[in-house]
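The letters A, B, C and D name the chains in turn, as written, and every chain counts its residues from 1.
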Amino acid sequence: MLETPSLFRYDSLAIPDVNELVFGKAPRPVKCGFGLEIGAGMVFPEVNFTLPPIGISEETWPEILHEYEEMATNIVRRAVAMKVPGVVLEFELLPAMTEKPEWGAEVTTLLRRHLAAAYDQHKMLSALRVTPTDIRDQGKPPLLREGEPCDRLLRSFELTIAAGADIISVESIGGKEVHDRALMMGDMDAIVFALGVLCPADMRWLWKRIVRMCAQSGHAVPGGDSACGFANTAMQLAHQKMLPEVLAAVVRAMSAVRSLAAFEEGAVGPSKDCAYEGPVIKAITGTPISMEGKSAACAHFSPIGNIAEAMCDLWSNESVQNVRLLSGSAPEAFTEMLAYDCRLMNVASERGQALALRDCLTASDEWLSPQAAVLSPAATIAISRAIVAEKDDYRRTVAAGHTAVAIIRDGVAGNGLALSKKELQWLNRIEAALDALPATGDELEAALGEEYHGLFRPASYGR
Amino acid sequence: MLETPSLFRYDSLAIPDVNELVFGKAPRPVKCGFGLEIGAGMVFPEVNFTLPPIGISEETWPEILHEYEEMATNIVRRAVAMKVPGVVLEFELLPAMTEKPEWGAEVTTLLRRHLAAAYDQHKMLSALRVTPTDIRDQGKPPLLREGEPCDRLLRSFELTIAAGADIISVESIGGKEVHDRALMMGDMDAIVFALGVLCPADMRWLWKRIVRMCAQSGHAVPGGDSACGFANTAMQLAHQKMLPEVLAAVVRAMSAVRSLAAFEEGAVGPSKDCAYEGPVIKAITGTPISMEGKSAACAHFSPIGNIAEAMCDLWSNESVQNVRLLSGSAPEAFTEMLAYDCRLMNVASERGQALALRDCLTASDEWLSPQAAVLSPAATIAISRAIVAEKDDYRRTVAAGHTAVAIIRDGVAGNGLALSKKELQWLNRIEAALDALPATGDELEAALGEEYHGLFRPASYGR
Amino acid sequence: MTELKKLYDAIVAGDAKTSLAITKEALAENVTPGELVANYMIPAMDEVGKRFECEDYFVPELLLSGRAMKAALGILRPLLAASGAQPAGRVIIGTVKGDLHDIGKNLVAAMLEGAGFEVTDLGTDVSPEKFVEAVSERKANIVCLSALLTVTMPAMRTTLDALRSAGVRSDVKVMIGGAPVTEQYAREIGADSYSENASAAVATARRLVGEAAHA
Amino acid sequence: MTELKKLYDAIVAGDAKTSLAITKEALAENVTPGELVANYMIPAMDEVGKRFECEDYFVPELLLSGRAMKAALGILRPLLAASGAQPAGRVIIGTVKGDLHDIGKNLVAAMLEGAGFEVTDLGTDVSPEKFVEAVSERKANIVCLSALLTVTMPAMRTTLDALRSAGVRSDVKVMIGGAPVTEQYAREIGADSYSENASAAVATARRLVGEAAHA
């Protein structure tokens, strides 16, 4: 089924002034859940949590519910004790809970019950984000717009919304079948094709549906998607010294285009925590964003621990297992840490020091890694401008890539960003590849190496 | 053996100006380890780590060494990757490693080797703090100045210094046998007797010896002691709603007197991380201090996560077990988190924003808990002044208690500090008890309830 | 009758003097020890426990009430024993080998006493052998092990092993606790139960005694 | 001889065309396949592995070298097989049931191939039965299991159980890996080994084959 392309495209920035791009404040705040308003001046913790090692089956299901009960109890208790002005809980379904959508819905109900009780008893403002797993990548090549996994994914949105999800997100995987290979081969052509052509096509198809389901529910808001499977995979690989950092940085900037597509289809935020492309989304659309940084060291290391905080509206720990630490459970401990970080930001805002804190957070990471360099408020504005200046997703992606290269070059030239010889060679190689790209995505597709064509189904992208 | 009382007593503040009392800067910086200078402008992470559940015996010893190898490798790797300007590792011996001092020394050697390698290969500046366990509390009543446990403790200092410890600390327990009972009974007389009479007597005896051993070594510095077994026990009990918070706050302030005694005997800092009395020590003596707060949520929850950071020179995570998180090992994850916090403070200092950040950190906790209220820079100066205005430890302790009560009352009256009726009743009760105290410690001892006299040996305190 | 309600009040208020005085008066007036305990003292301690749960009482209040209860019990116990009445159960408690933390353990002990258990506290750093010895000597129903250090948790297992080797494991229920201890760990080492805190420990102890009675 | 050094260089440089061309030339000049593999190709891949270790190469360079090696091996393998030469070992690899992460697993597979192992990649979300089937079909020496989710780690145990029930457990060595997996977990479920990363996996695979030979 081919779709009419959506018509709305951002062509200017909701936040053109870099000094308006700061944590806690978004031009289009989001109200949801139990009295929460996100982006209206305050930053709230977004607590993420997951199961310790345990198989998911009918047999273990009661035990699994018990784990979620325990996590919810501990997190809510700590949030209340910390007197947070509000909190978001994110429930990321595990694959088996999307395969069987009723399971995901059951946990949603359970978590929502805890938030309702905290609202009743302690007036604690809160919202529940639910993120079904994109399980459509099972076939090789994957079938994205039909088939059993696709049906279950859509059903999972439906059931979790019905069970009380306040914010809906997903980390969708369209385009990943090509991007994974391309990334490992360091092949810029194929990377750009995946990010600029395939990804947005799937995003627009999927998010049209999510937005519709949320609208019908009357209570759920479509939060946003994450380029996690793309840009965070690259970041992890760079962390493990498997890919150059400059490649990860350029992929990060380019990935914003595919995530933006969700917002052009009607997503309203808060964007997903692991979507480090969030600041670009915020600058362009004005929606509040969730970010994670040092507070997510439980889930992954990163060179962007402070700078990631600079423009956030929710502050997350990405994911932590329900294991025991000396103080108590890990989800409870991370709730406390996030709450303290948020307290600091909110007090800075109250005292008129938000920009000063934002700039310290930024400066502390900015020139220590190319991946940090593309995340500063200034870089965000530059990348955002480059994106909205172009009309189609492919050209936006290329433009974002060029801008990222330029930012990194500036950093090396004038700001003491130190790159190894190897990294510099890669930067040249990336730039040369970007320069050599054809004018349209179709031309690029035609020129693509044979090995990539077998990896994806054109029909999955309406091509 | 009675000792001549030491003569030196602080009678003024090294930092009389509240605006000079800020993180990273101490009038008397400490040089130690591999090129590290603490308190000279920058804040460094102090990483703490400990074993996962495992018995300590001849049999498990090789496995235990393997754990420490792994922890050291991971921590150092992360510190290098984060490009920290310097780092302190703290090795807190477990009781069995002090019982058998050779074990503690062996781990010291191991850790020191990792720091030496990082210095050689990466020019990473560092120091190793070693903290033997005060194992003298085995007898009932405990024998503090002689006997097997005392000998082993002293031997543990000797051997770990010889093995390369750069900074020596201890969490000494003299006075605890009385304080524990007094705390649980909420008995102010006995609390003051423990903190103001017994504790300082043991501290002076013990620290005279530690200072001498360090001086003889030519390389180790006597770091300082922690009132952990007193004030942090109270904090934990308040956290569990077993004791009123106001009692914990008053005990905190009073406990500074006993910890100060180490410095009057020659300790030079950096003080111990869990000694939240650190700011008072810094204000009075000018030595750099280690603190822990939100970053120590892995080890204990607390109402002072941000305010604890305001004046630190080292920033610690207190203790985390070598368990696996999604990102990697927990000690490695906490190394990253501490490093980001330090980056922020150091950049703020560079940009002339240190005081602004300090004040945001302070304001974000200050009036949310009486325990935070007594930890602000202003409260620190007030408590410090009250202490140095008195000549003997007993009167200093009473003065610190009065000042804490006054600070809390001010908070309630003018700063929105909310106390429950129960807490207010306790505050009155505490104040009344302080008011009714006799003029000297000896009089207090004579008036003490019978139940306390059997708990301690006067000879252990030279009484 | 008004007199006796004052016994309840004295215990709740933690007033040992009054509690002792009223108990003596009541005995002189021929009120039975059983009635005093069942109708006034246990309900008083239950009320204290409730206030503690609701965060209306802190530990000091709790301990003072415990003392008031103990003062009264001091004169009642010999009479009760003579009349053949039994305590709620006999508990051995201690912190395991290598571990000196005792604040939590002391609280558990105090709460159990308050609930009418006969508690023998072996202190801290207690070797497996000492636990075994005490079980046999005291004819205990329940053994409570406390550990605050992860490196001393394994001593809980060793203690259980020692109880087994000594052939007394089936005579007692074993309850464990302390900050690093978990439900799962209790299962792993074959203890009968775990409790998170002192009030939960009382409820569990009651359940364990019940189970033992029906076993 | 200079010609052959170029084969080494081509593989190190990841130049598949040249590597193929030189291999053909060499065969035409009657150099034995065994010599090409042992003296030029394996050393070249070892050098590549070293550069990767020293962070001088990233994965793309590594994979290109692997391709250059594979291109040459493509024409050598039939000849080697005819001469009775054996691969370093036969490996079955896959991501366990319920888990779709494959980047790490793919790297391990590529490195093992580079080191001369014959690798059968079963892909992701592989059921225990499929592993069992492949082991019997391929006469594998080593089974490699990957898992990135803690909730799919238990599928490693299930797979080992299936190998046992099928009676083929003793025919193969089992190596496991993936971010959440640990040495201790390997021991717990009775796998033969764990490796932290792809280079370590190669070293371990060599050791396991050696052990199997001596067993």
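In this text, contacts are C-beta pairs under 8 Å (C-beta built on N, C-alpha and C of every residue); 3 or more make two chains touch, one makes a residue touch a chain.
Computed from a predicted model, the values in this text were never measured in an experiment.
For subunit B, the chain whose average C-alpha position is most distant is D.
Between subunit B and subunit C, the centres computed from C-alpha atoms are 34 Å apart.
In whole angstrom, the spacing between the mean C-alpha positions of subunit C and subunit D is 62. Spacing of subunit A relative to subunit B, judged by their CA centroids, is 40 angstrom.
In subunit C, the residues that reach two or more other chains under the touch definition are 150, 180.
Each of residues 50, 321, 326 in subunit A touches at least two other chains. Arrangement of the chains shown, judged by which pairs touch: an irregular graph that fits none of the line, ring, star or complete shapes. Interface note: chains touch in the pairs A-B, A-C, A-D, B-C, B-D.
The touching residues of subunit C, when paired with subunit B in their complex, are 55-56, 58-60, 63-64, 98-100, 102-103, 106-107, 123, 125, 149-155, 180, 197. Taken in their complex, subunit A has these residues touching subunit D: 50-56, 94-96, 137-138, 140, 180, 184-187, 233, 237, 240-244, 321, 422, 426. Here subunit A touches subunit B in the complex through residues 50, 78, 81, 83, 293-301, 305-306, 319-321, 323, 325-328, 330, 332-334, 336-337, 339-341, 343-344, 346-348, 351, 353, 356-357, 359-361, 363-365, 368, going by the rule given at the top. Of all residues in subunit A, only 324, 326 touch subunit C in the complex they form. Against subunit B, in their complex, subunit D makes its touches with residues 150, 179-180, 182.
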